[in-house]
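These notes concern the structure reproduced below.
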Amino acid sequence: MENTKAAAGKKKRGFARHHREDLIGKIYTYVCVLMLIVVIVAIVYFVASKGLTTFFRDGVSPIEFLFGTHWSPDADTAAFGALPFIAGSFVVSLLAALVAGPLSICAALFMTEIVPGKGKRILQPVIELLSGIPSVVYGFIGLTVLVPFISALTGGNSLGYGVGAGALVLSVMILPTITSIAADALASLPRGLREASYALGATRWQTIYRVILPTLAPSLWTGVILGIARAFGEALAVQMVIGNAPFLPNSLLTSASTLTSVITLNMTNTSTGSVQNNVLWSMALMLLFMTFVFIIIVRLLQRRNKL
Amino acid sequence: MKSKKTLFGTLTLSAMLALTACGGNSGSTAAPATEPTTGSTATPAANEQPADATVSGEILAVGSTALQPLVDQVGQKFMTENAEVTVQVQGGGSGTGLTQVSEGAANIGNSDVFAEEKLEADKAAELVDHQVAVVAMATVVNKDTGVTNLTKQQLLDVFSGKVTNWKDVGGADQKITIVNRPSSSGTRATFEKYALGEKVENVAGSIEQDSSGTVKQIVADTKGAVGYLAFSYLDDTVTALSYDGVEPTEENVQSGDYPIWAYEHMYTKGEPDGATKAFLDYFMTEEVQNADVTELGYIPVSSMKVTRDAEGKVSK
Amino acid sequence: MNAKTADKLATGVIIFFAVLIVAILGGLLGFILIRGISHIDWHFLTSPSQNFKAGGGIGPQLFNSLFLLVLTMIITVPLGLGGGIYMAEYAKENKLTGFIRLVVEVLSSFPSIVVGLFGLLLFVNTFGFGYSLLSGAIALAIFNLPLMVRITEQAFRAVPREQKEAGLALGLSKWKIITSILLPVALPSLITGTILAAGRVFGEAAALLFTSGMTTPPLDFTDWNPLHARSPINPMRSAETLAVHIWKVNSEARIPDARDVSAGASAVLVIMVLVFNLAARWFGRFVYRKITASKQIN
């Protein structure tokens, strides 16, 4: 009798302790997750409210901002056409993906199809190190090696600063992003698929080209899109080599600007609250918006992948 | 086995620490910690005899990255002489400096340009200008262009893209490549205002660089390149051009003959007092003007024979 | 062209590209180290930077980078740990979890410059922290948080279910199971992931330009009172990190030896990242062995 009572009491206390411990755990983790949500809402809210001031308070027309090609914020009749920068961002990141995409997919194929095992042991650390090199270091190398090199290639007729230099620097920076996603996708491919193809007498290249790549297309595109997204948001490395002139990019050798490079160069030189400053926030909002677009594309690709 | 146990002990401990840290963070990020810099605690002590009166307080000067090294250096000297004062100097650009001093977040706003050019008129009117140095600039060209002098009109033609070859302004047959500065840069504002006389748009094929070192290097290395640099950067790797026949020398700037120069400003909101006033006064003494100011490549304000106001009117 | 030739050609191209990537890395590392290491000496690593003259060092910048890293991790690790544990242990498969997953994904895709601008707006201006280590640390923490959440979630999910069931059989509370059974097992991968994340923080610059600022006040390395303006560990002072310094000397600075300084600083930065990389591997393995007293499998 006594014994069972004591045992019950013990059990009760045990439950209470359990409950308390679990409560602590729950509160702690819930608060942390709440912080994540608060942060993201705050970022979107603050950047959007500041970025929209340009249009609602300063009276800059959104049409001019998005499609105007004339950028002259300090002139007496100021013009705020940001199309050159929007286009610049797109051009350099797409070009970077054009260079890095095939390279990365080949690297991934090398790791999984050509030299499985050993290839991964060699390339994996290389890719990780490439992704670990800070972006300013890429910018610095671009500035001291790539820019003079491009200038020399053209016989000194161009300065070397420009869209081409920016795209090349970015392509090396997004190589690791695309490669690791492509490699993961290749590794997840069921063995049977390859074997079936080989059994039919297909060569390795036929297997890759006809079976593997089409099957994995959505995943590979996901990698490429994420690479573009990274290139789109990269700031300092591009700013150091692109030349920063406010013009629509029209050749690989002419200097242009991206959204990020204009923000970097002018944010602290303009005074808070001025239209010259607010319009930079509109560009930041544009960057945010594009982040969402890229994520939506990636989600759509993933959905296709499941089917 | 023993080490295993201690490790587990450490783990539980660190988990607990992590927990408390998380709670603490999530709760208190909004509450600003003790803020030692904003809001001058300067005591308005005996302004009348600055020589031996002890001043104390904290001075925060924010703004122009170009001016920051000078203010930093003078601030350190000031601190060794006034142990009770702390001078903190931050870069961040002229725009940031003017905004922060105007909002009261900084005691001094460092700027390369007149406040009227960056702030709205009513906000600019609240600020008091302290011109501490003069920075003069020269147009620089690659040594092979064969040009040593340009008139104001020729310079404007070059920078507005009307002239695209050096032979049209008396030089070699070389394409002109312009190395400009970002549109918000104080250096560019000065150059456009006092050398070109008007704001010009970028010419296709030009590039924008913020760093004087990079501008100098590009101009030195590129055929037909033209840019502009502060006097302190000039050396024999580039050719500094005369302007309307006047050579870019300190004497010509001081006499007012050579017009491409600007003040370096330190703005305060209202008249300064206490430590801020003492610091700005110290800035104007001979031991700063003829030492640090010239050492860092500026021209002392005291040596100028002319003055100029925000509208650009020059008076002797 | 028959199938065999096409196969050989394609294989050749793929191998060529793989070799090219290795060559690119080799070239990059070789260039940075060869160009930079000759500038690195004790003087360079410890003396303050110069504004106008040649011969400046990177002492304060190096210190700032390390100190900022510590501050950032103090904020990120507990928050990321909590978020990751939630995702791995508490989250049910429902809409809310899907939403939180989306939040993590979006947050990790934000360009770092946008996070920096947000920091400028909220911490530097609205909260009045000014350009300070604190503002920089919070911005970097935001930037790093999603990665930390992911690392934690993966580490916890990788723990064998039997371990958890053993805990349940012992009648332990869920939280007790998490902290005393799952956490120790997950710890090696947590530490590895954290150190790798730290490497990323160490090289970040765009988010810091507008938060921790581009200048460092003169520091007094004998004064360790965090409330003093010249103390190196005052969290309210502005601080230029190594990565920001490289950017600044290349795009705004006035020192004549900008290229040499940035070469040296780049080499230091890359060496630090290499050290973080190796340390992550080594430490993860070390802890794993300590805890399990067994050989590592993967």
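Each chain carries a letter (A, B and C) given by its place in the written order, and its residues are counted from 1.
We adopt the following convention: contacts are C-beta pairs under 8 Å (C-beta built on N, C-alpha and C of every residue); 3 or more make two chains touch, one makes a residue touch a chain.
Being a predicted model, the structure only gives us computed values, none of them experimental.
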{"item": "Touching both subunit A and subunit B (chains)", "value": "C"}
{"item": "Interface ranked first by C-beta contact pairs", "value": "A-C"}
{"item": "Geometric centre distance via CA averages, subunit B-subunit A, whole Å", "value": "34"}
{"item": "Chain centre separation in whole Å, for subunit C relative to subunit A (CA means)", "value": "17"}
{"item": "Gap in Å, rounded to a whole number, between the CA centres of subunit C and subunit B", "value": "32"}
{"item": "Interface hub residues of subunit C, defined as touching at least two other chains", "value": "78-79, 81-82, 125, 179, 250-251"}
{"item": "Residues of subunit B touching at least two other chains", "value": "19, 22, 25-26, 91-92, 209-210"}
{"item": "Sequence positions of subunit A contacting 2 or more other chains", "value": "24, 28, 31-32, 35, 267-268, 272"}
{"item": "Contact set on subunit C toward subunit B in their complex", "value": "51-52, 74-75, 77-79, 81-82, 125, 127-131, 134, 138, 179-180, 183-184, 187, 213-215, 217-218, 227, 229-230, 234-238, 248, 250-256, 258, 290-291, 293"}
{"item": "Subunit B residues touching subunit A - in the complex, by the definition given at the top", "value": "19, 22-23, 25-26, 91-96, 98-99, 102-103, 118-120, 175, 177, 180, 182-186, 189, 199, 201-202, 204-210, 218, 221-223, 225"}
{"item": "Of subunit A, residues touching subunit B in the complex", "value": "24, 27-28, 31-32, 34-35, 71-76, 148, 151, 156-157, 159, 161, 243-247, 254-255, 257, 265-274, 276-277"}
{"item": "Interfacial residue positions of subunit C with respect to subunit A in the complex", "value": "3-4, 6-7, 9-11, 13-15, 17-18, 20-22, 24-25, 28-29, 31-32, 35, 78-83, 85-87, 89-90, 100, 102-107, 109-115, 117-118, 120-122, 125, 142, 145-146, 149, 171-176, 178-179, 196, 199-200, 202-206, 209-210, 243-244, 246-247, 250-251, 259, 262-263, 266, 269-270, 273-274, 276-277"}
{"item": "Of all residues in subunit B, those that touch subunit C in their complex", "value": "3-4, 7-8, 11-12, 15, 17-19, 21-22, 25-26, 29-30, 32-38, 58, 60, 62, 65-66, 68-69, 72-73, 76, 86, 88-92, 105, 209-214, 232-233, 296-297"}
